[in-house]
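Next up: the structures, one after another.
You will see chain A twice below: alongside chain B first, and alongside chain C after that.
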Partner chain A sequence: MSIQQFIANEVKSNDVILFMKGTPQFPQCGFSGQVVQILDYLGVPYKGLNVLESDELRQGIKAYSNWPTVPQLYVKGEFVGGCDIVREMFQAGELQTLLKEKGLAVREAARA
Partner chain B sequence: MSPISTVQRIQDTLAAALSPERLDVVDESERHAGHMGAVPGKTTHVRVLVTAQAFRGKSRIERHRIVNELLAAEMAEGLHALAIVAKAPGE
Partner chain C sequence: MPMDAHDIERLIKIAIPDAEVTIRDLAGDGDHYAAMVVAESFRGKSRVQQHQMVYAALKGSMGGALHALALQTATPEGH
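Presenting the complex of A and B:
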């Protein structure tokens, strides 16, 4: 399986997936850490894939999304964005709306 | 040593391409000293705040793609992190 096929499969089979540096338990980059904090705050289940474990994955996700930086968040197969976009959407309440529209439960008290 | 700083080059590139109403390019490399991707004395982490008519009617992803593509050469040259706030005038 090529790295592009691997990524496509991961994106397809996980409702919420974060390509990040480090793990949700131990982010190794401030930008990845911010997205982890937001997702944890919203209480939405997600998979974190550590691009630092594989240079092929690290380069592959940049090509897959045509996006030069990590982290990268996908929801139901759709590219949402990186740290700045996720944070802006969260602060505007748009991330919560997007998750709900996609049928994903968000912790009710969760507000920006 | 390059005669023109990375920050100045980024400013010039964005100013020429977007004719922005507002443009701030901030070198945040110092704040990331010791972190991944940081290289002492080198501009590796940059924050761009840009307000331009070109972003009108564009999604966040589209706006970021415009800036990313304009700065692709910088990313290839060792710029490690690019934080972007892109707005249309009045937003």
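Presenting the complex of A and C:
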């Protein structure tokens, strides 16, 4: 399986997936850590994929989305954005709306 | 090779001529910037598309030399 097939498969088979540096338990970059904090605050279940484990994955994800950096958040197969966009959407309540629209549970307190 | 604020602004304006660009150097190390880009040509585009336009303007230095560019994009207000 090519790296692009691997990524496509991961993106399709996980409702919410975050390609990041490090793991949700141990983010290894401030930007990845910020997205982890937002997702944890929202209480939405997600999968974290550590791109530091494979340079092929680290480069492959950038090609897959035509986005030059990590982290990258995907919801229901759609690329949502990197740290800036996820934070901006979270602050505007748009991330909560998006998750609800996709039928994904968001912690009660976090509803915008 | 770190980029300075003028390089960033110049590259963005070459690719997006109608852009208004304000850049703050977050850490003084030429590697961590915050940029606000306002352009009419962003209108109707999603945030991801707007950011991709800016990254395309920076021609591959994003992610490399510019490890961290905190980016905000917007269309000019109503006028």
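Operating definition for what follows: the second predicted complex is superposed on the first by the 110 of 112 C-alpha atoms of A that agree within 3 Å, B and C clash if a C-alpha of one lies under 4 Å from a C-alpha of the other, contacts with A are read in each partner's own complex, and residues count from 1 in each chain.
The definition used in the following text is that contacts are C-beta pairs under 8 Å (C-beta built on N, C-alpha and C of every residue); 3 or more make two chains touch, one makes a residue touch a chain.
If you're wondering where the values come from, they're calculated on a predicted model, not measured in any experiment.
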Original post:
After lining up the shared chain so the two structures overlap, which partner does A:47 touch, if you call chain B first and chain C second: first, second, both or neither?
Top reply: neither
Subject >> Partner chain(s) touched by A:58 [first = chain B, second = chain C, both, neither] >> reply: neither
Original post:
When the two structures are overlaid on chain A, which partner does A:21 contact: first (chain B), second (chain C), both, or neither?
Top reply: first
Original post:
Which holds for A:69: it touches chain B only (first), chain C only (second), both, or neither?
Top reply: both
Original post:
Looking at the overlay, does A:88 come into contact with chain B only (first), chain C only (second), both, or neither?
Top reply: both
**OP:** Across the two complexes, find the residues of chain A that touch chain B and also touch chain C.
**Re:** 31, 66-69, 79, 81-82, 84-85, 88-89
**OP:** Spell out the residues on chain C that touch chain A in their complex, using ranges where they run on.
**Re:** 47-48, 51-52, 55, 60, 62-63, 68, 70-72
**OP:** Please name which positions on chain A make contact with chain C in the complex.
**Re:** 31, 62, 66-69, 79-82, 84-85, 88-89
Original post:
Okay, in this complex, where on chain A does chain B touch?
Top reply: 21, 28-31, 66-69, 79, 81-85, 88-89
Subject >> Contacting residues of chain B [partner chain A, same complex] >> reply: 32, 35-37, 60-61, 64-65, 68, 72, 75, 81-85
